[in-house]
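By letter and in written order, the chains are A, B and C; residue numbering begins at 1 in each of them.
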């Protein structure tokens, strides 16, 4: 395949133009669906009773936790995480000391504003609903578990025990209940009101008000307002958030923005490479062609030169032979004459 | 010459029957692998892997997908060198490299079929619902197309073997286009495999995490591809010596040339990494435990083979090049393993660390064995290691 | 050749891993013993190139025991000057550094200690690079017992310690009747010849102790660790009964500053004296009344703290309201006071401002306010309005109704109130204790039940919890604040069916 110079230049320029038509100025800024719901988790109120875990299992029809959950405090001796049958767990991060109560936190999917799971799913199995919850659609999931790998809160679990219909298991924020106007199971069940369900913007205001009224009780920060782009679960705490296994001081930029922005390179590669590589091929071919022509010319020259030399040598030899012959003839004539002279006496 | 050696070979196989030691061992491995895969589909991934909710990607992704794709990069590197950049002297290694590449990518798909929760839904991103924001979608698309490209690029050997001249000419005329397409696709998916980790800055140690992971993965793939061509050549040149038509001296020149390329690629990779360290001011991290491990990977498996390759090129010593190639292959595998499950979740992740289950290892070895057997079967019958006399000089 | 490279690289890598592993292990925080002084570098010295020297004073006193303290410290009339004398009165960074180095090194080079060892001779020997340490020095606080012991050692000889600075003669003189606290003149930092409180107290105290020790009399410690070691402090003798320190203060008086119109406060000075460890706990800068520095509008002498703030700032122990709020942080009080903001509210003004307005009369023209003590009537017997037991059945679903030992709880809280005259005075009535749980409702003998205000669902706008949450937060919150052991659900209400 040969590409002319014109074609090569055209290809490269065309590719660059195509890539450059993405106009950055037209990118709009989306602050999220207004009026979407969220939950406020006030860890200073949590006493670790795990009524939320019980309610979650009941609502989601999951097998019960073995043993009596409430009152069995030995479960807090190790840090747990969500599993495919436990969509939420409570962990203890500090033991009680005198009149200072223990510190607990409930873990579950944070229903991020810009969820990593939704961004990385190759079949778009996740959906950020206008109401706030992030939903998972098992009917398209092929089980690559990129979402499980990407979630910064370790909130997703996978049904490894299920051979044919394994699903990603995570808190759903009780989406069907929300649609009916009910509260998520955990929020309704919490006896201490450590989980408050409501509009996310309202909850941020409530959280700030609690901090203002009780500055000694809380760390002056509402976690989840901006971290990694913001989450639907907001957390208040009386200890540093890093102690609660929450990333403290992380970027406010959403992880999908960091993690998938690279894909903007793809159109560039697709448009630039063909022209560029075809150009290389054309250069190479031209180089080879030139090399071949040069070789041919050199051979011809050499042959010619050789021919000229041969001619010259032949002429010289012929000349020499002629001279030799003349000389020989002369000698022979002279000898014959001498012989004749001798013979004549 | 070739025909007769071919039949002699098949005859040799027939003489000992199918019960050669090679066949027995590979047979056991393959049978075991098949049994484990059956178990995987009967009892689920929990029965045959050590995957957890915190570590959802293990050996099957780390080796079969990540390392497999990197090591199969020899196909696009050699074909680009020969057909796009005119390095004609490497022509003899293009076909084995393409075949290795094709079998390598086939392995990737096999690995995915084993690892996915619902592998029959593998085509879903293309036929049911696409998720174009996902790097994995891009990888899947590129790998699917590239597998097709590699398949077509492998057909000339089969067509020559079957004597289908016209088809062979048609495919031959597509060579340049396919090579260009292959390079495009390879650039994209090799780097995107690295880009898949850009969304987990909190889970990957800062020495391995960088905004330039895609570049790291691409450049190391080039090095891995070149090294694999040397390694594969080392084995197949000996195994199929009777088929080989090029002189030993030519083969040596090829290896030295590949060594030069690999040295450049590894040096580039090392430089990019060092610049990255400087830009992020991460020098102090080198003094930590993980920093030590990073130094092992960079100094022992990148810088060292780079120097060995350079030395091999200077002193024209193929043995050094082969040693360096083996180290590079191990090094790239080490790097992919690190990123996938060793350095991943290095700090603060709930649960225990992931260690591959022996069944995962067996299945991986079985997949590799399958590729080796397939290579052997194909190379014994088709003109991979030599040029078919009827088609000499064609693309 | 490649084998050597491999070996070398392998060694380097192993070393790197070892170093890394060692570095990764956490080291405990390094304590600095009380006998070691972390040298304070004057601010004007500027940025330091090397770590601050931790001066091991005890090692030096041991080494120079035979030579005495005056080897380094100057002994003046006022006492022993702290710090090394040659470093005083220098204002040039290089001169300061050179003199410090010359002084220390001359001694280190020429002398050896009792064990025969010399002091460090290289930079790194004193300027040690290591992780920052935490000083174990305990603060030495002055209190009634110490003052009384010194008083008994020098009976009627107040001039031993108390002095004033006579501007005319530029000398320290004693004026009888004008004995003020040290902090009246000696502030945070040296101001010319007026030493900081720290330097002044060390000069006077250590100097006197040394002189007496030289004279063979019983005296206090003169080494750092003698006062600044927590264990040593615990060993200091304490007087069981301390006679009241009389400085001309009244038993009770009216507090009212000129320009104010609020009712004056009857202040029981006698009652407050035992509540602090020394006069300076309230009279933090001299013994004069508060309004002399804390004017209505705020003055420089008062650090711009206004009169109102100096009495009412809820976060400061120097203010009445703040100290009272700190008392309410006791465990017996926290059950209710955990949710009551510490700042003074309008309702509590009248607790104190009971006297006539300052506009009407000046405090010194009025007779001293009477001694009062609030005596609370006894807790009423159980009745329908004040039940012995309250059964909460309104929400019983998974659990049986909760039985609240109502009177027992109130009696426990009431006992805490009766035990403190402060609490009794501020509570005023027995019914006030009801407001701890029956909050945000009119006070009275029949407090309203929780469900009157708390509906089943939470009210998001006011952040008011629903009834179930209100019950649990109130009960559990109080139990937590008062240090009761954590109770499980079934400790308060039995389960109806088995929870699994």
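We take it that contacts are C-beta pairs under 8 Å (C-beta built on N, C-alpha and C of every residue); 3 or more make two chains touch, one makes a residue touch a chain.
As the structure is a prediction and not an experimental result, all values here were calculated from the model.
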Chain whose Cα centroid lies nearest the overall Cα centroid: A
Centroid comparison with chain C (C-alpha atoms), farthest chain: B
Separation of chain A from chain C, taking each centre as the mean of its C-alpha atoms, in whole Å: 55
Distance from the mean Cα position of chain C to that of chain B, given in whole angstrom: 69
Between chain A and chain B, centroid-to-centroid distance (C-alpha), Å: 20
Complex interface listing, chain A residues touching chain C: 45, 47, 49, 54, 64-65, 68-71, 73, 96, 98-99, 101-102, 190-193, 196, 198-199, 202-203, 206, 209-210, 213
Chain A partner contacts - residues on chain B that touch it in the complex: 40-46, 49, 51, 53-54, 56-57, 80, 83-86, 116-119, 121-122, 124-125, 128-131, 133-138, 140, 173, 176-177, 179-180, 183-184, 187-188, 191-192, 195-196, 198-203, 214, 348-351
Chain C residues within the chain A interface of the complex: 331, 334, 341, 458, 460-461, 463, 465-466, 468-473, 476, 480-483, 486, 488-490, 499-500
Residue ranges of chain A touching chain B (in the complex, touch as defined): 1, 79-84, 116, 118-125, 140-146, 148-150, 152, 154, 156-166, 245, 247, 250, 255-256, 258-260, 262-263, 265-266, 269-270, 273-274, 277-278, 280-281, 284-285, 287-288
